[in-house]
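Chain naming follows the written order as A, B, C and D, and within any one chain the residues start at number 1.
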Amino acid sequence: MSGQSAVSAAKAALKSQAIELPSWAFGNSGTRFKVFAQPGVPRSPEEKLADAARVHAHTGVAPTVALHIPWDRVDDYATLAAYAGDLGLRLGAINSNVFQDDDYKLGSVTHPDAAVRRKALGHLLECVDIMDATGSRDLKLWFSDGTNYPGQDDISARQGRLAEALSAVYERLGDDQRMLLEYKLFEPAFYTTDVPDWGTAYAHCLKLGPKAQVVVDTGHHAPGTNIEFIVAMLLREGKLGGFDFNSRFYADDDLMVGAADPFQLFRIMYEVVHGGGLDAGIAFMLDQCHNIEEKIPAIIRSVMNVQEATAKALLVDGDALAKAQREGDVLGANAVLMDAYNTDVRPLVAEVRDELGADADPVAAYRSSGYGQKIVADRVGGTQAGWGA
Amino acid sequence: MSGQSAVSAAKAALKSQAIELPSWAFGNSGTRFKVFAQPGVPRSPEEKLADAARVHAHTGVAPTVALHIPWDRVDDYATLAAYAGDLGLRLGAINSNVFQDDDYKLGSVTHPDAAVRRKALGHLLECVDIMDATGSRDLKLWFSDGTNYPGQDDISARQGRLAEALSAVYERLGDDQRMLLEYKLFEPAFYTTDVPDWGTAYAHCLKLGPKAQVVVDTGHHAPGTNIEFIVAMLLREGKLGGFDFNSRFYADDDLMVGAADPFQLFRIMYEVVHGGGLDAGIAFMLDQCHNIEEKIPAIIRSVMNVQEATAKALLVDGDALAKAQREGDVLGANAVLMDAYNTDVRPLVAEVRDELGADADPVAAYRSSGYGQKIVADRVGGTQAGWGA
Amino acid sequence: MSGQSAVSAAKAALKSQAIELPSWAFGNSGTRFKVFAQPGVPRSPEEKLADAARVHAHTGVAPTVALHIPWDRVDDYATLAAYAGDLGLRLGAINSNVFQDDDYKLGSVTHPDAAVRRKALGHLLECVDIMDATGSRDLKLWFSDGTNYPGQDDISARQGRLAEALSAVYERLGDDQRMLLEYKLFEPAFYTTDVPDWGTAYAHCLKLGPKAQVVVDTGHHAPGTNIEFIVAMLLREGKLGGFDFNSRFYADDDLMVGAADPFQLFRIMYEVVHGGGLDAGIAFMLDQCHNIEEKIPAIIRSVMNVQEATAKALLVDGDALAKAQREGDVLGANAVLMDAYNTDVRPLVAEVRDELGADADPVAAYRSSGYGQKIVADRVGGTQAGWGA
Amino acid sequence: MSGQSAVSAAKAALKSQAIELPSWAFGNSGTRFKVFAQPGVPRSPEEKLADAARVHAHTGVAPTVALHIPWDRVDDYATLAAYAGDLGLRLGAINSNVFQDDDYKLGSVTHPDAAVRRKALGHLLECVDIMDATGSRDLKLWFSDGTNYPGQDDISARQGRLAEALSAVYERLGDDQRMLLEYKLFEPAFYTTDVPDWGTAYAHCLKLGPKAQVVVDTGHHAPGTNIEFIVAMLLREGKLGGFDFNSRFYADDDLMVGAADPFQLFRIMYEVVHGGGLDAGIAFMLDQCHNIEEKIPAIIRSVMNVQEATAKALLVDGDALAKAQREGDVLGANAVLMDAYNTDVRPLVAEVRDELGADADPVAAYRSSGYGQKIVADRVGGTQAGWGA
């Protein structure tokens, strides 16, 4: 492909990209040490949607919003979906929560007590009911289940309980619905986690069937893990269901995606592009915490970071790369990749946004919109949304 | 030393060992995901002291309790100290807290705003006032200060602000008072932490003078860090002020000390013993969270774990070890160490406790004491103490 | 089971345990910085077997020896097997080597050049021929294949090439032969490794069929990885083929098994015992380097370390543990495990060895045997065996 | 500073930058698994200098070459220096080697045996003699000293021996000479390393005096370590003597600097620029292995990577950054840094090279020079230089 047609193709791909926003990123969040509240934070699912709509208006590529149940529980999900539609949005993945009830101290679907397991399963099935109402395609399952001390519970028995619950949920899924199983190395469990790595998630999804897929949270790996390798593996196996994007220097730091290691994000997006993942129904979701920075512009910046990494990945000269790889030209192949990475794609992405009717400089546009000041003035009283609230 | 006299010496050393309990370990704690409340948890500093007294009664080696300000703020610290005395306890280190006010979102003593720095310093100085009232020797300083994003603040300027605050506190210390500076790799700061490693803490303490010492929290290191090396270095330099004991498989998991890697705890205690640290005024403090396990028995178990590791360290045949080391006998030297580690010291430690008038089996004694049931029945109403409350 | 019958059962299990010795551990080894030669090191496969026979004579539980091809290439493998038989040994797993020819600079079975792939496959098939001759059950496959730089080769294409080679080898296996696929996080490949984790090995083995199994090398994981979880998973899935035992503080340090974290080794062996793995045909192999310590006593010590960890695992009171787990008694369940771990099993294991006709104190017996001095005197001239020679 | 004058200042700074090449990077290197030989590799110190001269000719900023003794031992260092001068080069740091003699199996300057320590010290003093002859300013000291097993030697005693040796070398230094002490987490020592972290190196250098400085090797840290923090600390303390540049995904992978995490390299160079380190006499040295890629172009690429990171660091808008930091504008401050990082500085750096009389595209210029083919043809026979040879 010539340089110019590569750029055109990249622009087309960028225009059709959709990045899903997590409703909870608009609320307060923090660490176990402290949650710092911010003025203007939403107090309801509707206000979260309103904020999300601003992000989409400025960036043009964030048309869906993931919900977290029970944090976004409403009486009538169809009404909420319609409200989203009025804002130019759609409701995205439903995220279950089986980690914040007192009953879940020793686990949810893997708890030694069958009564707790039943309760947890009930919640997961309720989430599928909500999907029916919202029209959501994806159920995202993250389990905090695990143990803190050696001997605390039986590792293998917990896998059996997990398999049982997953199977029951799988059976309940509609034809066009999927379950996305997330893995995480540790936290809040500090000795074993019941789905700690992609291998475990993959093993379960393989047994469940095609509607079960793995979701890669970029912050959930052991130090040194090559995440793009996992992405390539799962894509190859047809088992990559989606991403939870964020970034980290240490553990599950949940910083803005691309903030800690933009080159890693590029390498991940390169594997997605190269493996045909842009058109494979993969959900590109943000999952971040904005503990100390302003939330809406942080989310805008995150969307831009994914977009810029995608743009660079799209600019890799595939023919030149394949040739260098075939010839065993280590430096040449690496240089092809680095050439794309070193390109300043900001003008290109600004054009894309411009052509989409969004803003060339989304953060500046948000700043000058007055929206930030407006929500601070308006959202007085009530209970602010918080991570876990 | 013959085998029998080594055992006698070990017993004598174990009898004089003192392990400090953290008041906050008796309260509720958790992760950012959830704090699981437990029945019977203390509602006041006095109730925390009462629980600590039980731990000391059963183990015989936990005579002091560290306070955390403002969590343990009372009107009259002298009265609190007297109450502790009535329970057979003394008040230990005063732990400052400059991380839970909204003002501290971007730092405390290293905050870019001088007003926030002044406020933080004021709190630290207040803690020295409290030390005067309680008779505490040690001020323990842990700063959550740091940044989450590259560029957020000036790394070097923050060091300057830190040095200024530490110097002001140092000047305020009485002749018999010390400041213990703690370091931590990360969390809650996710990009830089202002005191991230022993080197930074050491550099500051060296400039401040002999009353400034480094405290080693066993959970605050990068993966792969050899903690006992740091202990040996600091002991050698006369700069090891104390320990915050806990254990971890991943990050700052704050599990019961010795739970994750008992061999590491033994190696640490071996360096302490070998470096003369048992008689060097080092504070042996627990600093743990009991998120899902019962708190009092977990603390009893932790005290026992430190004691057993110390016992094994005391049993190392120093002459045989030195000879093997001198001769370059790698396997022989390692075998001397492992021989002590592989010894079952539980009978020996039970004897020590028996001779101290405590219980040979402290957990069983606690279980049969009825204290656990009593506090659940009595402590109804009021606000439970919590980590951060 | 009562305490006494538990001990009897443990002794019976320990007597039937078989730990496989790697021929290469008797030769010189080192790091990229330096290989330190030791006097008396074997110069032929036969001399390696002789050394292994000493280890078996003293320990009673090391009856098989793994070979590494081409390091242990001989003209007549049947004769070598007979020689092993004369020494009271059997030949164990055949280890392939496709990483030390110049052709393998960019990979072996995943190399971009089909000619190199054919050569590598040829070697693997030759190894199966050797298995036919030696009567070995297991082919152990470790691939150093991977890349050093992003872009260097196509991650997914390399998986395709790997699958092709594995499939060809699988087809060649006899009815009673197995292939054991090993994974490793990194080294010598420094960006991607083609089989970097258990998930990748599992995915390939699953497709290949029942004769393909995963081998867990205890030194091949990212920091923080919970190895016993992987062991439990693979056992549960019927895909745990064997272990390569060694230990590490940092990366693939290849220290004596149990030397760095004896509690971890115990936890691993507990999962093996609990999951029925002692009778499941799992190969318990050592794979270590003795860079600076004397080799034969280091191997004896390693065998003892596995044995002691197994003994402790066998002593876990399963009924008490299951009860505590069922009741959600976190501290109680942990205490059951720790009780077994804290037991000094050395007298028990000495009895086992005594009853097997081996030595209660194998290292002392080796020292007093004069074998070490004899090989130093005898093995003069010729080329010492070395890791990679 | 306006944009244009910032660019001018950046260009001036880039023109005066000097990156030191390591003689050993031109030779063969590898891992413990295999050293892959490459055609055309130098066979003498003179041929290494000739290769280095090519790198300097194409890049314009690599005027000095570090030597490694004994790998680069010659009869007459003055003649070698003159030869370097003829090639337009100067001889740089002298690197000592006390890790490749059989005597050093258990250490060099920290060895338990005084005779080995004396030998090692003798070598270090010889290196200072060589510095006198070559006119080198810096003695770079890296010690592989450490232990593999707990108990193997006395951690504290080894520190004492180390201090003694360093002191003797320090006394021997001339007025204009410095010693640069390097630290490394692990390898080849696998339990303790005698200088494992910056804190240890700093503590020794502080006691020695102003001619002792710390050198930061970017590959020598525990996972998660914030290297730029260390750089800022050492600069602030006046103790940063130099860098050994390379990059790594896992351990001490020694890949081309900037290859694994270009953003990290930028952050490091930002701290250097911001802390006044460009004019502080800091040695910017490469220290890498080119195991599978062609050596000369890999070194050219590495020089370019350092240059590009420096260029980006120089483009950071310091006023805007300071303002945002002062105001606590987390996103704004981060954006200032990212704006510089996201700039494509390749045209700017090409201009710099052009104006220096070097090549705008150094790799292409090297390729078309025919030098690579020439050395392959010429350098036949003799012994190729290798890492450790």
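One rule holds in what follows: a residue touches a chain if its C-beta (ideal position, glycine included) is under 8 Å from a C-beta of that chain, and two chains touch if they have at least 3 such contacts.
No experiment lies behind these values; they were computed from the predicted model shown.
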| item | value |
| --- | --- |
| Given chain A and chain D, the chains that contact each of them | B, C |
| Interface with more contacting C-beta pairs, comparing C-D to B-C | C-D |
| Rounded Å distance, chain B centre to chain C centre (Cα mean) | 40 |
| Overlap residues in chain C, where contacts from two or more other chains coincide | 106, 148-150, 185-186, 191, 223-224, 226, 249-250, 259, 263, 292-293, 330-331, 334-335 |
| Interfacial residue positions of chain C with respect to chain A in the complex | 106, 112-113, 148-156, 159, 185-186, 191-193, 196-200, 202-203, 206, 221-226, 228-230, 232-233, 235-237, 263, 267, 271, 274-275, 321-322, 324-328, 330-331, 333-338 |
| Residue ranges of chain C in contact with chain B within the complex | 223-224, 226, 249-250, 259, 261-264, 292-294, 297-298, 301, 308, 330-331, 334-335, 341-344, 346, 363 |
| Of chain C, residues touching chain D in the complex | 30-34, 36-37, 99-100, 102, 104-106, 144, 148-150, 185-188, 190-191, 223, 248-251, 253, 255-256, 259-260, 291-293, 387-388 |
